[in-house]
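Structure below; questions to follow.
Going by the order they are written in, the chains are A, B, C and D; count residues from 1 in each one.
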Amino acid sequence: MRHLFKGGRRKVAGVMAIALVASLSQVAPSNAAEKKSGGTLTVGIFDSFPGYCMADNLANSSLMAGRTVYETWVEQRSDGKMVPYVLSKVENSADFKSWKLTVRDGIQFHDGTKVNGDALVTNLQALRGALTLLGKAPSPGTAGGFTANIITVTKVSDMSVQVDLHRAQTDYLETLYASGRFFVRAPSQILGGAKCSTTPIGTGPFKLVSTKLNELVVAKNPNYWREDADGTRLPYLDGITFTFLVETASRVSGIKSKSLDVAMFTSAGEVKQIRNLQKNKNMTVIESPEEYYPSIWLNNRIAPFNSKNARVAVSHAIDRVDYSKVRNRDYTSPAKSIVGPANIMYNEKGFLQFDLEKAKAAAAAYKVEAGKDLEFSFPYTAGSTESLANVTQIQKYMTAAGIKMNLLPLTTAEIIQRAFPQQFQAMALLLMEGTGTAFIAPFITSDLSGGNQAHLLRKTPLAILYGILNLSAFTDTVSDELIYAAKAEPNLAKRTALYAKATQQIQSEARLTTIAYQKYALAYRTNVKGVGELGLTAGGKRKLMTNFGIDFTGVYKSGK
Amino acid sequence: MSTNKTYTVPTYAAFGWLTFSTFLAVFGPLLPVESFRTIHGDFLDAKPFTAGHWFGVDSNGYDIFSGIINGARLSLFVAFITVGIGGFIGSLLGITAAYYRGRYDSIVNTAFNVVLAVPNLVLALALVAVLATNVDINEAVPTWRRLATLMISLTVVIIPILGRIARASALTWSGREFVVAARSMGMRDRHIIWRHIVPNVLPVLIAVGFLAVGVVIIAEASLSLLGVGIPDGASWGGMIARGRNDLEYNPHALYFPIIALALTVISTNHLGDVLRGRLDRREARL
Amino acid sequence: MRATYFLQRLSQLLIVIFCVTFGCSLLLQLIPVSPAEILLPVGSPEERALLTKEIGLDRGPIGYYVKWLSEFVRGDFGDIYYSGGREAVSSRLVVAFPRSLWLMLYTQIVALAAAIALGVWSAYRVGRRADKVISNVLFVFSSIPGFAIALVLVLIIGVRLQWLPTLDYQPYSAGVWEHFKHMIMPVLSLSVGLIASYTRLLRADMIATLREDYITMAASKGLSDRRILWRHAFRPSSVTLFTSAALNMGGLIGGAIVIETIFATYGVGFEVFAAISGRQYIALQSLVGLISIFYVVFNVIVDFAVGFVDPRTRDRRVNK
Amino acid sequence: MNTILSIAAMNIKFVTPRGLLEAVHEVSLDIPVGSSVGIVGESGSGKTVLSRAAMGLLSGSTVRREGKVVFDGKELTTMTREQVRNEFGTGMAMIFQDPMTALNPVRRVGTQIAESLRIRLGMSKKAAVVRTIELLSLVQIPDPQAMLRKFPYQLSGGMRQRVMIAIAISCSPKLLFADEPTTALDVTVQSQILQLLSDLRRELKMSMVLVTHDLGVVAGNTDYVAVMYAGEIVEQAPTSELFANMKMPYTEALLKSIPTIHMQSGKRLAVIEGRLPDPTSRLQGCSFAPRCPYVQPKCTAEHPPLVNAGNDHLYRCWFPLGQTIARKQ
């Protein structure tokens, strides 16, 4: 989290299974003419590799790297729909409370073991903390909260598993996907004790060679299960080195000097560099959709933001248009809701827009209420000039509204350590993303078990995971119930309406606010080919570019 | 004597630059220049010689000229205070150690060696990291306290550097006849140290102190580049760190602070050299 | 006599190492927050208690130090903790150390080679134009911080001209040219300042030596200037130079933090920085301990090497 | 009479931060073949500078040299440095005042002697070692074999001086400069070294320039003497003529300052009062005038020329000793 609005999504969560159906399909056709030589790539990324176990969350660009070793049970198509991937079939009950997942036959992990129903059960049980309670696997981390809607996971046949949910969920597959984070891990890794974090064993097109906090080296998996349209075994590349380069300048100079073949960037503080690279003839720059919604989290549990006046004052004080211009150079749009227009929850109603008079009035009301001036501390990454510039810009708006904002320079490690115990008064972090709500709802609901008093973590210390993802630490039964209802609603129009109401409720209470949306970009030199060409097994394609970059399975290097 | 070439044009230039930047440092806040923290949203990436922004504006909207002026204040303040305090403590230890010798001397000498065994930057980084740890995470630490943490760390680095020189110099002086004579006359140690040794060691220390100022300025800049220098990236080093990402687009955001920093270090180094040269000649004439 | 001296020197150095490492271990006690809390932010109290015990923090400062030291001498430098796991510092050092070692070695070779050439030449031409040009240019360069030079090199040589890669490290096994290609810019950035200071040292000593009678004596034998400079004057003038170079070794191994960060060389210096910014104080303690040992060991080596360069010191030292 | 070395109108100045320093002023001197010439003067009188400049050993940007030096028929002052260098060792060689500082401290004795043999005479390594041992025995060093491996700091002063003599005579020079060869040595060793030099000179048929501050040393070991003061030759004569018929008050003063074993204990040794004049500004009159016990008004007004009194005896004084002129005491 070097950049304030970039880091994010480090603590995300688990999986559980039921069943669904999907048909096995052929590999999508691709360009067959050119010789797809191998070779190796060096990729510059802006996130590090804290580890590969359930609790270690790979963020954005390092998730891209992790996904060369790992695959997910399901995949998301470019239209947002979830399709089976390592699974072959997914079936659900009519009430969306029971899902049957069937594993694709003939896939094996890098350690040679078969992917089957047992492996799926182990994965799901590890993510929801069941194996941790038994002392068999390390902590699930925030995944335990993410998957808390699951009641039971049952193996029904060699290759099939049934997942039962506490509350009906039409988008369970999105939870199973967790925005690309819930990997298919080998049971040997999950049950391998401390090595779980350092030895990733997956099913992906590449195998681990070595990993460090700042580097992941992978090599071709000769037994990979997929082929291209010509019947050539995938992947094409012999190996990839992912290097963590915290400084933007390092990635820019790296790709320009050919030290890097590929480099990833974020719109948070790197707009100028992205635009400059777009003009460069030697490289191609692709961008993600504007589907990332960085938030200003206001801690509703502690002073001063346990007061609505304080939250309202801050929300009104931020000049989002000015911020987008000065900090993002209008590369991304100023926010009009806590999520973006692409998301099903998008609703401008109740969103407290920039209004200096109202901000001053709310701050004055706070003073009457609390007996002192509105003052709060805001952390930023010490040493990151972009981070400092971001908070300084916000501080400027606060000062204009008569609010005192203290800047807390902290190391990245400190910010991460303190963020999820919800110790900060306020902070900026990108957690919410996408078109659906599986990766949004956990951050804005108060109890991820859905009020299930019988949930397996309920009486354990891990019960804190139910609310840990809600960085604003608020309990709002109105919005909670609206979100539960929406998730159970099969009718799209009705679902959208319910979500809109929930959004309005949260926005009018000013639980959190958003300044501007965010995108990601990836630059690759012209000798890198095949980006986005390979299709999915279930037909269609993945999104070309996301926060976790591109898929390297079908990427190759041209002649020289 | 007309042929005494101690003060050459570079010496005047060095002295002039230091005086000028000290002037900026002291009177900077009184000058009609906007605060360096002001974000000029309408002038992003302005090139040098833009009206109102002589040195241009960086990509964050900070005016470089006011940054340089403010940086002069912080960089020089930190450097001179650090060298002053570090030099005082170091020479106190070094001179007394050289004078009294014995076990006290070997303890002081070992302590110096211990600190010197750790590379400057590593030591400063570690001290800043430990001293800056806070119990209440939301407590806003005032800038002066963070500045103090940094200065304490750099002082620890400087103490043995100057202390060793003070000790070595004091060692040669305390062996001279006039000290032995003073001792044999039954003078008090404090009197001998103060009247006979300090005046002779001081010039050397001042000369080396000028060099140490350069060392501290560069060390602070390195710390800034690593994110733990003068708070909020307000020093010249902090400006360089900020300019790093702008290197290709706004080279001026990088070049101005580098030039300011280099000129200052060149000046202090040069003055240190000149002083040392004069001392050597004085020694030679004795 | 030699043996006593050696033991005496060794014990002094052991004291230095002891003080450095003990000081480092005291740092852990200085932090107002419990280290276990820092290392296991989401852990349960039981897990933290377990970790505290494992690290030895429950034994008090002395007990902790003894435990750390006994592990340290056995090559166990502690672990780096991250959210779900840990990694042995030693396994990181296996990667980082050779990088720093090469970096330091090349830097010293380049700096010494350039400084010897320039120092001898400017001492030979003392007071003349060549000497003045060399001195002034080096003086200016010595005042520009290495990282500024590094940034400019990256911009010009890496990005604009695309002659050299700006990032990363390649081992010899990846090809000799590959290896050197990645080393040139970091080595240049590190050595510029050293060249300046080494040249000044050598020049000053060389000028003094050239005033010695034995140089006039050598000239009166009819020897060529070149032979006088290199065979007669250089060696007795080089003691300060090599002493100072050796004392830089530790600093270059662990202190090249900024340059290693800019060029993503990720040697020991970067590990130190990562340990500090990741609040891995146990790793930091071991790293600083190692660096100080390096410093001290080179101190001893240079002490004895000086005897070979200048035989006078061999006997003099014993009497000291 | 054949001269091996002829110095004519030599001027040497040093550039210092305080201005030009005149170390040698208008000196002319001939060294006859096979003779031994002493140059005598206080320290600072310019005698060492003169001898080094004659050999061309003074170099550097701060030295200004004028005048003509002819050695063995060759004009050194117009030759290139390389050509001059070719005369060193085989033509001219020099022994220095302090054997401690004149021997390279970091090189072994054997290497230092053999170096000349190898470089200047092109001897093989083996031959050079053999010759080195010969030379060491020639200068009467016991156990020359062991001496080869030693460093100068391991030797006594006398031994070092013998080593230096061995180096100087290694290529059989025609002319040997001995610059205060005994000053740094104990009195007992001094006479041994002087004896050795005399013997070697006869044996090897060398000419010699003996630079010293000690008239006593000159007395037994030279054929001619030149006395220098403040960069000038103030008196010059065959040795016996000089001691028999001293003209310069300065020479007389020098002689009086020599301690002798016949001296009564408790009697104060005569010293020359005052100091050498500031070499950066030459006096208008006689440079010795401020210190001269016999000074006259003319002495401070006009600079005395070098006058020939016959018998090769030159002196620079308006009122030389032995002339019947009223002197005020």
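Going forward, a residue touches a chain if its C-beta (ideal position, glycine included) is under 8 Å from a C-beta of that chain, and two chains touch if they have at least 3 such contacts.
What you see is a predicted model; the values in this text were computed from it and never measured.
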* Chain pair with the higher count of C-beta pairs in contact (A-B, B-C) -> B-C
* Structure fact -> At the largest C-alpha centroid distance from chain C we find chain D
* Structure fact -> Nearest to the mean of all protein Cα atoms is the Cα centre of chain C
* To do: Please report how many Å separate the Cα centroid of chain B from that of chain C, as a whole number.
  => 22
* Structure fact -> For the pair chain A and chain B, the C-alpha centroid-to-centroid distance in angstrom is 46
* Rounded to the nearest whole Å, what is the centre-to-centre distance of chain C and chain D, using the mean of the C-alpha atoms as each centre? -> 51
* **Where chain A and chain D are represented by their mean Cα positions, the distance between them in whole Å** => 92
* To do: Hunt down the residues of chain A that sit against at least two other chains at once, touch-wise.
  => 247, 249, 252-253, 383, 414, 418
* Quick one: which residues in chain D touch 2 or more of the other chains? => none
* Taking each residue of chain B in turn, which ones touch at least two of the other chains? -> 226-227, 244, 247-248
* Interface residues, chain A side, partner chain B - complex -> 247-249, 252-253, 272-273, 276, 322, 325-326, 329, 376-377, 379, 381-386, 388-389, 392-393, 396, 406-410, 414, 418, 423-425
* Considering the complex alone, what residue numbers of chain B touch chain A? -> 37, 39, 41, 44, 59-62, 137-141, 146, 226-228, 231-233, 238, 241-242, 244-249
* **Residues on chain B engaged by chain C in the complex (per definition of touch)** => 110-111, 113-114, 116-122, 125-126, 129-131, 133-135, 214, 218, 221-222, 225-227, 240, 244, 247-248, 251, 254, 258, 261-262, 265-266, 269-270
* Spell out the part of chain C that touches chain A in their complex, as residue ranges. => 38, 41-42, 44, 80, 82-87, 92, 95, 154-155, 158-159, 162, 164-168, 261-262, 264, 266, 274, 277-279
* Tell me, which parts of chain D touch chain C in their complex? -> 52, 55, 57, 60-62, 81-82, 85-90, 92-94, 96-98, 101-107, 115-116, 119-120, 151, 153, 164, 167-168, 171, 177
